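Two complexes follow with subunit A in common, the first pairing it with subunit B and the second with subunit C.
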Partner chain A sequence: MIKIERRHETPRWLVYAIPFISIAVSLLFVGLLLLAVGVNPVDAYMTMFSRSFGSKFGLTELFVKTAPIVLTGLAVAIPLRAGLWNIGAEGQLYMGAFAASFIALYVSLPPPLVLPAMALAAAFMGLLWASLPGILKAKFDLNEIISTLLLNYVAIYWVDYLVYGPMRGKEVFNFPYSDIFPDFAILPRFFGTRLHAGVFIAIIIAILLYLVIKKTSFGFAVKVVGANPKAAEYAGINRKRIIIYTMLIGGAVAGFAGMMEVSGIHMRLRSGLSPGYGYAGIPVALLAKGNPLAVILSAFLFGFLYVGGSALQTTYSIPVSIVYVFQALIVLFIIGGEFFTKYTIRIRRG
Partner chain B sequence: MSREVLLEMRGIVKRFPGVVANDGVNLTVYRGEIHGLLGENGAGKTTLMNILYGLYQPDEGEIIFEGKRVRFRSPRDAIEAGIGMVHQHFMLVRRMNVLQNIVLGYRTPKDPLIDEGWVKEKIEELSKMYGIGVDVDELVADLSVGEEQRVEILKALFRNVKLLILDEPTAVLTPQEVKNLFSALRAMTQKGLTVIFITHKLKEALSVTDRITVLRRGKNVGTIETAKTNERELARMMVGREVVMDIRKPKIEFGEEVLRVEDLWVEDDRGLMALKGVTFSIRRGEILGIAGVSGNGQKELEEVLTGLRKPKKGRIILNGKDITNLSVEGYTASGVACIPEDRIGVGLAPSLSVADNLMLRDFRNFRKGITLDFKAMEERAAKLVEEFAIKTPSLHVPASTLSGGNIQRIILARELSRNPKLLIASQPSRGLDIAGIEYVRQRLINAAKNGSAILLISEDLEEILQLSDTIAVIYEGEIKGIIPREKADIEEIGYLMAGGAAA
Partner chain C sequence: MDFIASLIAASIRAGTPLLFATLGEIITERSGVLNLGLEGIMIMGAMTGFAVSLITGNPWLGVLAAGVAGMAMAAIHAFFSVTLKADQSVTGLMLVLLGIGLTGFLGRSYIGQVAAYIQPVKIPYLSELPFVGEAFFNHDPLVYVAMLLVPLTWFFLFRTRYGMEIIAVGENPEAADTLGINVEKLRYASVLIGGFLVGIAGAHLSLAYAKLWTDGMTAGRGWICLALVIFSGWMPQRALLGAYLFGGLDVLSFKLQAAGVGVSYHLLKMIPYVVTILVLLISVIRGRDKFGAPSALGKPYIREQRY
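What follows is the complex of A and B.
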């Protein structure tokens, strides 16, 4: 007889093993999927690997794809530590991209000040966008999952409206693009590749947030709110303030990711500027268990999926959607894995 | 009256981690009687009934129902055997109407279709027979609490139960509804149904039951015929007189007034007045014991005095300063500490480490520039673990892995080490073993000796008598008399706790 029993204690190794097991099992399932469309999964994985790590171009692409996911991962991870689900990193990213583009195209500043101003404007716009669900959650207990998710559509369509309308460039014919940014509004690039300064800034932000979370009294308070909001209130921690602050941090970081994309990659505001980086931030933060340093690692995995996914598309003409299937599977298996931290399955004879 | 035994529970033992909820309980119920199950909160009444209803499996003991030895693995088994239970918290689907709720999970003759006409007819018949009126088309969300209870009862009757268990059914009812409920119960027993009525209210037990079984701390005290007993005897049985430990707070000179509470009116979560004009004061070194059955405003009192809940009216004065409108942090900074009633849910964050939990309040004092001095925090935590003899494998294991007694020690260590001016201790020894109880009580006495003013909120009269210098009884949000310890009489207090009028 198979019996499901509640665990009294969760073995520590299991907590850390679950992300890896989830990845492994997802690889297996995606392998089956590849097999079903007639591709040898081992070959496919080899291709993904060699195209990401095998060349200077591949490697820098890997970093360029990882950087925005590090930021959106952080944008989900910080509120997650306080027990909040920020599903809105995608929208916050778009709003940040909008604000940065606005500065780049319409505000005349001394050239050395343009990039810092774009970064600040983007972070502030993202923060503003996240403040709505944060304040609604704190004041009226409005479910932040729904409000952040819905605001994504508003932000994405707002940017669409702009690039089809008022911000459409003069030299882009009928494409939904703005004009290209002036040179001083573009992030410096290295080695003749797309590797831009934003990659390093993303890693510095992750390290800074790690220090804030682990070393400051704010970080301690966030941890308590996430672990037991009632105990936090009883201990005199202002739960509502913590809710709002973590959302603001998340929004600011995602907003900056938007600036990085328009200024470092596209060099203009355009429709569909993010291939779902904001949503990728969710499994990234989950895999990292909300730890900002671990977010760098799990973002790297997702960056690899994006780069490897395009490799699959060009080599085997498998749709790049396989990447999203992979992402979704990892989330499912992580959530499923949580079950085993609370329960154990026992097989008994007779 | 026929004395046919319907139900017998023999030697029931149920252990939960750290607590024995039922310790060899016996219960015999005759067919056609209303049997009262009386005891304080935590005496094991609900646990015993949950075992009977199949929600828990007993560790030891046997259940004989209608002469057959039975073992209910789930409520489904119990319902099939003819046992129904109405819980304190109703289990209805709010977005369905009354009829749908009643028929939910029941197979009508036209199964798999629901024969609404047949159901309606049957409900109406039952309503008439027992005088329990409901509108079957009404949405449950639109019903009053009393009506919801009637739906729950009808739901059980609909399934042709022979034995109906009611867990504290009157807690949510108005006096008129209580009267109606009682007459319905009598109508049921006249038709041969049997009722087990869980309560801690003496008057109700006396007015509606035929026989009463009293439980105390998970054990039988005795079963008695209602006609042959009275409130005072029941109060004595319920509360008990024997003192387990020989602890007594020594008399000391009280200092100046620390806390003064003036005409405090506080609402509960539902917006009903939970405290109605409470006034008292505590001096340095004094322990004021608030005796009372839980649910009479104690939770709100604990919360309002720690800043978690704001009063509608009245003032809280600490050392001459009005602190009524301060934040929780302000209360903490003013020197208020609290051992909350809900230790796991409020008192700590179970998933965080022992060290984190010890620092839950005081981490702000360890700021070093913009960071926290984790080394100093850990040293402090280690010192507290030693000083309060907290048994833990390390400072870094989650607090949830510790036993109930050691969890309470974490809270004690955190709150007492701050040398509070005012300490609120709510049910501080509930659920602990003897050694744990003794430790907690001794610590509270020492804290008072060191100059704290202590408000002790407890349902355990023995604890109140051992520790308090002054005793106040709370009933339905009002203080029913403040009595100095020397003049206190356990029976008198038990009588006041159960809603008796002051002599």
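What follows is the complex of A and C.
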């Protein structure tokens, strides 16, 4: 007879092994998919590696793609610690990109102040965009998953409206782009590659949020609300306020990611400026279990998937959406694996 | 009058995928399982249905295949949420990623192709009636199937033994378990039936409504349906109203655009999403959310171990 039993204690090695096993099994599954469309998976994975780790350009691209995912990962992770799902990082990123572009193109400021103003405007706009679901959740218990997600569509259509309409550039022919930003509105780049200052800022933000989460009473309150809302009430923690604050932090961070993308990469506002970075933040935060420092590491894995994914696209013309399959599989296998940390399967006679 | 009749007809057509998916999710959620993966399941249905119709030349085989594909996706959700007792939100969200990813990957060669689609069927005599005939009786068969499913779902849930057991499991699994009802089996069944209907919703989209396959063609309809479930208070008859109203919104932004109202196409496209949030808000403020939601919704059932 096969019996599922609760474990009394979990072997330590199992906890650490699960993410690695999950990644390996996902690689195997995607490999089968690649075989199905006639691509040798070993060749494909070799291509992914050599294109990301094999050259200076590849390595810097890896960092450039990791940086926005660090931020969207944080945008999901912080509310997640309070038990909230921010599925709206994508929309918050777009709204941040809009605000930053508006400052860059239409507001005349002394040049040294432009970049800080763009960053602040982007973070504030992202915060504003996240505040609505946060307040509705706190006041009316409105499902934040549905509301944050629906707002993504609104934000993406808003940016589309702008770049097809009032913000379309004068010298872009018929492309849905704004004009190029002036030089002082573009993040400094290094080594003649696309590696820009935003990459370092993203890591600093992750470290700062780690300190806030681990060392302040606010961080503690967030943890209590996430772990046990009842206990939070007994402890005199204002649960509603924590819900709203974590959403605001998430929105601000994702909004800043939008500024980083338009100012560091595209140098203009454009349609389709994010290849789903906001959604990538969800598995990243889950993999990191809400820990801001771990977010950096798990974002790196997903940055690799994006760089590798576009290498697959150029070499084998495989759609980049294979990255989504990877993301989903890794998380599903991790959840499957976690079951075995709590339960064990016994086979008994009789 | 003709304009209004054609507007109603178009709203019903656009609302049909929403109706299939909302009914499916009502059955799933009534058993206490929250499946957030509608968007991913629906797009799998849309792609599979289109592909099978293209290969076999028979759109009805496509519809069937879409239902089965939806069921397969739902089976993943059932396994994780019922057997492994995992967080249902996470699995649902991952189904969305999985569906969008797989269809983008596997469906690429079908973009721009023309598959056999589902032809409209005029109902004899009724379709001859002025106004009503044009509005209600000149649709493809799936539209009528969806309409019939509304009373059938109601009857199934509230008047049959299985239906009432599903509701019991969604309200109070402990009590149901004590009465000898197999909680896990019923939850599996509800999730699979729900997935089947959501898959069919996708097939209607690609084989009857749009008559083509493109990447991401569900465009948030799965999420709108999740809101419609709340709006309907988990009642099939209210789902009908909600689905056709939202179908109407979709059509309206189209018709306004065609009429050249001077408002940007992209701004008009926002309407359904903004209205969904407003409707959700109204439902929640009026308390219907708390009133109708199955008590055990989203909570895994873990039977206490007995020694």
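We adopt the following convention: the second predicted complex is superposed on the first by the 333 of 350 C-alpha atoms of A that agree within 3 Å, B and C clash if a C-alpha of one lies under 4 Å from a C-alpha of the other, contacts with A are read in each partner's own complex, and residues count from 1 in each chain.
One rule holds in what follows: contacts are C-beta pairs under 8 Å (C-beta built on N, C-alpha and C of every residue); 3 or more make two chains touch, one makes a residue touch a chain.
The shown structure was predicted, so the numbers you read here are calculated from the model rather than taken from an experiment.
Of the two partner chains placed by the overlay, only subunit B lies in contact with A:A227; subunit C stays clear of it. When the shared chain is aligned, no partner comes close enough to touch A:G38: not subunit B, not subunit C. Within the superposed three-chain model, A:L332 lies in touch with subunit C and out of touch with subunit B [touch as defined at top].
Ranking subunit B and subunit C by residues of subunit A touched puts C first.
In the superposition on chain A, contact is made by A:K215 with subunit B only, not with subunit C.
In the superposed model, A:R6 makes contact with subunit C only, not with subunit B. Note: no residue of subunit A belongs to the subunit B contact set and to the subunit C contact set alike, using the contact criterion stated above. Taken together, the subunit C residues at the contact with subunit A in this complex read 36, 76, 80, 84-87, 89-91, 93-95, 97-98, 100-106, 108, 215, 219-220, 223-224, 226-227, 230, 264, 266-267, 269-270, 273-274, 276-277, 280-281, 284-285, 289, 305. Looking at the complex, you find that subunit A touches subunit B at residues 8-9, 211, 215-217, 220-221, 223-224, 227-228, 230-238.
Within the complex formed with subunit C, the residues of subunit A that make contact are 5-6, 33, 37, 85, 87, 136, 140-143, 145-147, 149-151, 153-154, 157-158, 160-161, 164-165, 279, 282-283, 286, 318-329, 331-332, 335-336, 338-339. Subunit B meets subunit A in the complex at residues 17, 306-308, 327-329, 331-333, 338, 340, 342, 345-352, 356, 359-361, 363-364, 366-367, 370-372, 374, 401.
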